[in-house]
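Consider the two complexes below, in which subunit A is the common component and subunit B and subunit C are the respective partners.
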Partner chain A sequence: MLAYIIRRLLYAIPILIGVNLITFMLFFIVNTPDDMARMQLGMKHVTPQAIEKWKAERGYDKPVLYNQAENGMAVITNTIFYEKSLRLFVFEFGFADDGRDIAHDIYQRMWPSLAIALPILIFGLLTNITVAMLLAFFRASYIDVAGVITLVGLMSISSLFYIISGQFLIGKLLHLVPISGYDTGLNALKFIVLPVLVALLYGIGSGGRWYRTIFLEEIGKDYVRTARAKGLSERIVLFRHVLKNAMIPILTGVVVLLPLLFMGSLILESFFGVPGLGSYVIDAIRAQDFAIVRVMVFVGSILYIIGLILTDISYTFVDPRIRLS
Partner chain B sequence: MLAENIAYFSSLKPVLLWTDALVFILAIVIIGFAWYAHGKEYLQAPWRKVFTSRTGMVSVVVIAVYTTVALLDSIHVREALENKGDQEEIYYSVNVISFLDLALGPLKNQAEKTYSAPFATHLYAKETVELPGGANIRLYPRLKYGGAHLENPVQDKSRDIMVRGLSGLTAGLLLWVILVACFIWKLARYDRAGFMMTFKNILHGRCRAPWHVMLLTTGMILALIAMVISLAGHYHIFGTDKVGQDVLYQTIKSIRTALVIGTLTTLVMLPFALMLGIMAGYFRGWIDDLIQYLYTTLNSIPGVLLIASFILMLQVYIDTHPDLFDTDASRADMRLLFLCIILGVTSWTGLCRLLRGETMKMRTAEFIQAASAFGVRHSRIMSRHLLPNVMHIVLITVVLDFSGLVLAEAVLSYVGVGVDPSMHSWGNMINSARLEMARDPMVWWSLLAAFVFMFILVLAANLFSDAVRDAFDPRVKNR
Partner chain C sequence: MFKNIAVYPWASKLLELISRVNLAFFKPGWLLLLLMLLSACDGRPWNNPYPRGEDDLNIMYSSFSERPKHLDPAQSYSAMEYQFIGQIYEPPLQYHYLKRPYSLIPLTAEEVPRPRFYDAAGNQIADDGAIEVAFSVYDIHIKPGIKYQPHPAFAKDKQGNFLYHNLGRDKIDSLFTLADFTQSGTRELVAEDYVYQIKRLAHPRLFSPILGVMSEYIVGLAEYSKTLEKANRSLSGDGTTRYLDLNRYPLKGAEVIDRYTYRITVKGKYPQLVYWLAMPFFSPVPVEADIFYSQPGMAEKNLTFDWYPVGTGPYQLTVNDPNRKMELVRNPNFHGETYPSEGGDGDASLGLLKDAGKALPFIDRVVYSLEKENIPLWNKFLQGYYDTSGISSDSFDQAISIGSRGDIALTEDMKEKGIRLQTAVNASIYYMGFNMMDPVTGGYGERQRKLRQAISIALDYEEYISIFANGRGIAAQGAIPPGIFGYIPGQAGINTYVYNWINGRAVRKSIAEARKLLAEAGYENGVDQKTGKPLVLHFDVTAGGPDDKARMDWYRKQFQKLDIQLLVRNTDYNRFRDKMRNGNAQIFMWGWNADYPDPENFFFLLYGPNGKVKYFGENAANYDSAEFNQLFEKMKNMENSEQRLLIIEEMNEIARRDSPWIWGFHPKSFSLYHSWYYNAKRNLMANNTLKYKRIDPELRKERRAQWNQPVLWPLAILALFLLAVIVPAVMTYIRREHQAPKIRRAISP
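Moving on to the complex of A and B:
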């Protein structure tokens, strides 16, 4: 087991190098730092001095890959590639365009993201499973058909509609909770309720339908027929046998998401004014702060890879037939 | 009149944008496939099953209407400028317009000053108007076009709307009855049955295809379109936006953007996913490792971030190279094309993995072994033996992805990395209307129009994809 985990961690290194190279090429080869400086400073009437100053302030004034002016190791280390890309591997994220420490920002903003994403995951799982179980229980009846049609309808509505109408209905008309904002500690609760509700409603369409197919697939299997042949009631068959087995694909599908919860949700956080990592990314994109976007790409891929490894490990826990080697 | 029209059309200069070309290639491929499948039972059988599904066929009708609009909107031209003096050379306007713009002429040009509510005759904001006597008064001014024909808007408006709406409805229904009669007559001749007999069969749903629901949907759409046509010339049905442009016009123009993103994205990614997926599954070994590495790496970057970085970089490139694009439309089009490409890059990995798995299962099958025993080349085995056997997976994925991509466009435009802000799209409409939510009284019509049009398209696509999956997926047979 331990050997397997170590090997998986080693496999992650080439992937991270690949991610690093892709972002490096996107951000520094497609457009030179000069282009970006011109972009940031306004397209016209930019003096070369202003561009040089902008680059020097942010450390973009070095050669991209190979510094001929230096000696020894500095040939490689005193370059943009080393300073901006390779440093990410040791979690030195550098500074944003407005001079703030990115690592510190990420640490600060991680928790609001988690406070929104975790309830969404847990309650979403519960509601989706409940809905799917009900539909599976009443399968091939009018309740099932009507339920599936409702789910398809819910699924076809844009997520932006849920957010906007949720804010309008609950926040503006009924004045139950504030429309947007965030607070520390328990006071945050009233800001969390609405985004979570909106996300639940949005997720129920695709989630409920997907879990329903998983349940129906399980119901068609031989062990269910055996259980029925023993004379067990439909309720016991569903809740004790089918639910347990259907949890394997459901749980393993959830595990891969766990690390990504820290990343938060882009639009949800930005609409509800939550100072999490999702709105951090959106703000960075709008302000064209490439340093932050670059770091977030890297952090996101690390979290995704951790999720993949956790998924593999979780298989062994829920299904003893699977052994990692 | 006719000569005038011909002269006008011949003065237009056709413009072929990149996405236009791809849209037409796609249309030709689909028509070509239908031609090829003609008379080949094994290709037709699953499609025939799709054609028996009621919800599937209703959505086909809806999607067909959207597609027609999008195709009309994909034929772009530039109008000739009026020739001042006796210059030999003809200059063309920098505004690229489409055939749809020509058809929607009044909608496009009847711009008001600023916001106005649906069916309004007055502006939504008070304005200071100078009276003849020199005094100023603040009131809601009349609209330039919306309800301009009414003498006394407060009294006559509802009656006028009713009359116009009903006359449009009647015209639409009449047209529908004629069309249905023609259709039944044609079908009766094809089946060599009597007219009334065929009519009864359709009415009771006893035909192979669910004609009755399809005809009903067509009737509803025709009636709606006719009503809109009879009203739209005199009112702003969905109101106007901040700069006074008709919202209905914007929503209709957005259809092309959504369909282009939904279809071209999958078209762009398809060759890579097919080639790499089948190669990985067929060759195994280091090729498999390499391809797996490739898609795991791409997959591990969060999708929105990859799209964002790509589009940001593209925008920098476009802004620093303004000389590459002769019109605004071609610049916006380039961004749309690259958005499709990058969306394709982030979404091909799923299909690639599915294809790899399926090919791996199949490579030990007897017909593949037989082929390699006969000395058939690898490339030929993959293209002639493996490819046709995985096409159902491709089709299901492509159709399933469509609705997700249409929804994704709105979100991406909100984030600021969607289509060009100058391009009409539902995402841009929602994004610009979002700020008006805080206004009191609220400006809701832009949002509503965008959401309704998007919802209808996505719902139809979802229902259609269900029908396609039921017909093509061997696992859901007989459930």
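Moving on to the complex of A and C:
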């Protein structure tokens, strides 16, 4: 297994270079270093000299990918892409374009993201599996039909509707929790309740349907019939046999998400005033802060690759037939 | 009753199932509910977002919508950032809080400085215009005894050596915020600190936005910038963190005269300098703090001027978590100031002079929470968790009712809560500009003028304000907004090319008149008489928002009144700016927010040598009229006087006739205040108004409790509903479980 993991990690290097290259190209198609300088220097009284100085100071006065003025390897190495990328691979994230330490920001912001994302994942998983199990248990009955219709209805509504309705109903009308905000330690609890509830309600539609499909597929298999033939109750059939065998598709969807929990949710964090990494990325894109965008895409890619490796490893735990080699 | 459960096997199954599945699932939820119930025992609202124990304290609660980019006074240049550093840094001058028109008064200076004038040979001359002024010299005397806030940069050991100026990387690695430094100190504010900050405007690593402007005026600043660049390059090692000792390099235009006096020398005459002296750019910066923050490793910990300002003002920044909240706390070393005893007309009757003579500041702590979206911000204001609020378009109808005569008032809901409204026309302008370099819309001939005048009439900005700004604005008659010297209200001040004065008010000229002008311009019925082709104009915009489609349709409709086809060229902001810089835009929208209350700060937007394409300036329309330029050069250096007003009127007339802009509108800001918030008066120029504000925490606590009682009955209904769904499902489950053996029995032999 160790050899497999090492091999997968080595495969990750060209992927990361590729992701970095694509990020560069996409960003610099939309923004030029001059645009970035103007955004940072403000709207008033910005002179061309100030723009040139800013670019030189930040290392954006070089060609993006290929330096025709140089010879040999310098045509590649004396470029924005090379200079900015090299440090990423040794996890030196550097400073944002407004001069702030990106690593410090990420460290500060990943905890609020995690505080929201972790309960959403855990409670979401429990709720979705419970609902799906119930529907699978009552399959082809009026409960199943009503349940599926409800789930389709829930997944058809925009997440913004849930957020605004949740804030209006629970925060504004019922006065049960703060409408938005965040705090540290145990004080964070009252701020987490509403976004978690909203996310659960929003996720139950697609999650419930997805797991129901998985369970129904499993229920039709021979081993389930055998289990029933042994005289096992439906509850035991579902929880001990079907759930266990449905773990591979569930794990595929869940384990890959685990490392990405740090990355946060873009809309939820913005509306609920949660200072997580999701809103960090949005702010950076708005401010054309390439340093942050580049780092966040890089970190996201690494976490995704880790998630995929973890998924593969987790298969070996739930299905002894699988061997990583 | 519960004893009988054992008799009913389905009931015990139900309980078992609930305990196995649902209770396990909901356990954290129950715990949370329990916690909330416990926390509610003291009658404190459940939805109070602030920590327990703060309710009775003299704290003001406000918000900010995006993280500040810069808190360094050499770099910061936005109203959002000024709400923080305006309370921390003290430039030599400030605006009188209550008096209008805006007037400058001393802050740390003994008096508002008056310039002395010199000729090119260095001889002092009178300001009578007989000899051309080569230099103006401002001597600024600051008050002795003013001290900085406590800061580790000032901390010294018993031998008088600075404790934290030579820390080394190892020690810095274990420090994360200013609170990690156990010792702090202070020192007296001296003239050298002001000179040091003026030098910082030219610092090669700071990119001060006003370096370009100030280099045109402050003697030697442009050369000084080059000297510092050279010096910065010669610093060994990592040049981004090494200390660049500005005191080694003298600046001719900013000198220390004595401990409490410094001198600024500007080229020619520049009366607007005094307004700049009321902005944070000219605040004092202690060299000790610069040395402290320049140590290698500090920037990596965000221990910089951008993160932790060091000032002499009434407040100091104690919490800087721009991802969540910022906190200002009363500066224990504040030199003291009293609430003004004079105000403008009607201020006394509004209760704005009740605190006259009392020591400032009134509020102990200010908590600013990050609030990116309007809806939660507005709802939290209504719940009493923010003390003040603006009004977004979403909540306008909820807050404001407009009478049949257009009179504006608060809705009954707002009045019931005791909320008060203040409105003020901003010192800003949003205009539609014509690119004067464009062959169709530009130019200075009669034909082009009449085309622009016709379009100016057709674009009904009164309607625009009513539809898209909820009536929050006034149609502009020229570049200068109300409240700025040179603005003339009433009939004398109207733009006679667009309006007639009828029944005591400005009435837009008719479309027939606009069509007549269009015909005279050679575009009768929107057709170019020379080519016979319809007139098609291009509107360059960055219209990405949800309301923009309606806005663009409105613009098309306005041009359609003259049978002119308007093609909207929508693009992203970067490309739009490129078009403007290269002169490829034809018609565009632009805006300007005043730096200071002087007509020069608006008319320079139409000054030829400030053109965007040729000179990279702020004149986006690239308007270049020789007669306007000449008058501008004369007007800009004058003191406010009758003579200056006459020149301004002349300039207005030229600009209105040439119509390089459709004058657009001056936006009006609406601010709401709770009943516990006192001394609120909109001051659009001052950045340091927090010290005048006062709150009544007791009244706020009472109102919050009254407005935020938790409503629990819907939860009970929800529980009943869930029960109504779960019970039949569970019963069906049990029935099925019991059926299975029967079936099995039935099919077994």
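Just a few scattered comments:
The criterion applied here is as follows: the second predicted complex is superposed on the first by the 286 of 325 C-alpha atoms of A that agree within 3 Å, B and C clash if a C-alpha of one lies under 4 Å from a C-alpha of the other, contacts with A are read in each partner's own complex, and residues count from 1 in each chain.
Simple rule for what comes next: a residue touches a chain if its C-beta (ideal position, glycine included) is under 8 Å from a C-beta of that chain, and two chains touch if they have at least 3 such contacts.
Model, not experiment: these values are computed from the prediction.
Within the superposed three-chain model, A:Y223 lies out of touch with both subunit B and subunit C [touch as defined at top]. By the touch criterion defined above, A:V30 reaches both subunit B and subunit C.
Of the two partner chains placed by superposition, subunit B and subunit C are both touched by A:R38. By the touch criterion stated above, A:F317 is placed in contact with neither subunit B nor subunit C.
Between subunit B and subunit C, C touches the greater number of residues of subunit A. When the two structures are aligned on the shared chain, A:F91 is found in touch with neither subunit B nor subunit C.
Once chain A of one complex is fitted onto chain A of the other, the partner contacts of A:G153 are limited to subunit B, with no touch recorded for subunit C. With both structures placed on the common chain, the touch criterion links A:Q167 to subunit B and to subunit C. Once the two complexes are overlaid on the shared chain, A:Y107 sits clear of subunit B and of subunit C alike. In the superposition on chain A, A:G231 makes contact with subunit C only, while subunit B stays out of contact range.
Comparing the two interfaces of subunit A, the one with subunit B and the one with subunit C have residues 30-31, 35, 38, 164, 167-168, 172, 270, 288 in common. Subunit C makes touch with subunit A in their complex at residues 21, 25, 28, 32, 35-36, 45-49, 51, 66-67, 69-70, 77-78, 204-205, 207, 209-213, 229, 240, 299-302, 304, 306-307, 321, 323-324, 369-373, 375-376, 379-380, 382-383, 385, 572, 574, 577, 595, 616, 618, 708-712, 714-715, 729, 732-733, 736-737, 740, 744. Subunit A contributes residues 30-32, 35, 38, 40-42, 44-50, 53-54, 57, 95, 98-101, 104-105, 108-109, 112, 119, 123, 126-127, 130, 134, 137-138, 141, 143, 164, 167-168, 171-183, 187, 189-191, 193, 231, 233-235, 270-273, 275, 279-280, 283, 287-288 to its touches with subunit C in the complex.
Partner subunit B is touched in their complex by these residues of subunit A: 14-15, 18-19, 22-23, 26-27, 30-31, 35-36, 38-39, 43, 152-153, 155-161, 164, 167-168, 172, 216, 260, 263, 266-267, 270, 281-282, 285-286, 288, 290, 293-294, 296-297, 300-301, 304-305, 308.
Subunit B meets subunit A in the complex at residues 293, 296-302, 304-306, 308-310, 312-313, 316-317, 319-320, 403, 407, 410-411, 414-417, 426, 430, 434, 437, 442, 447, 451, 454-455, 458-459, 461-463, 466, 479.
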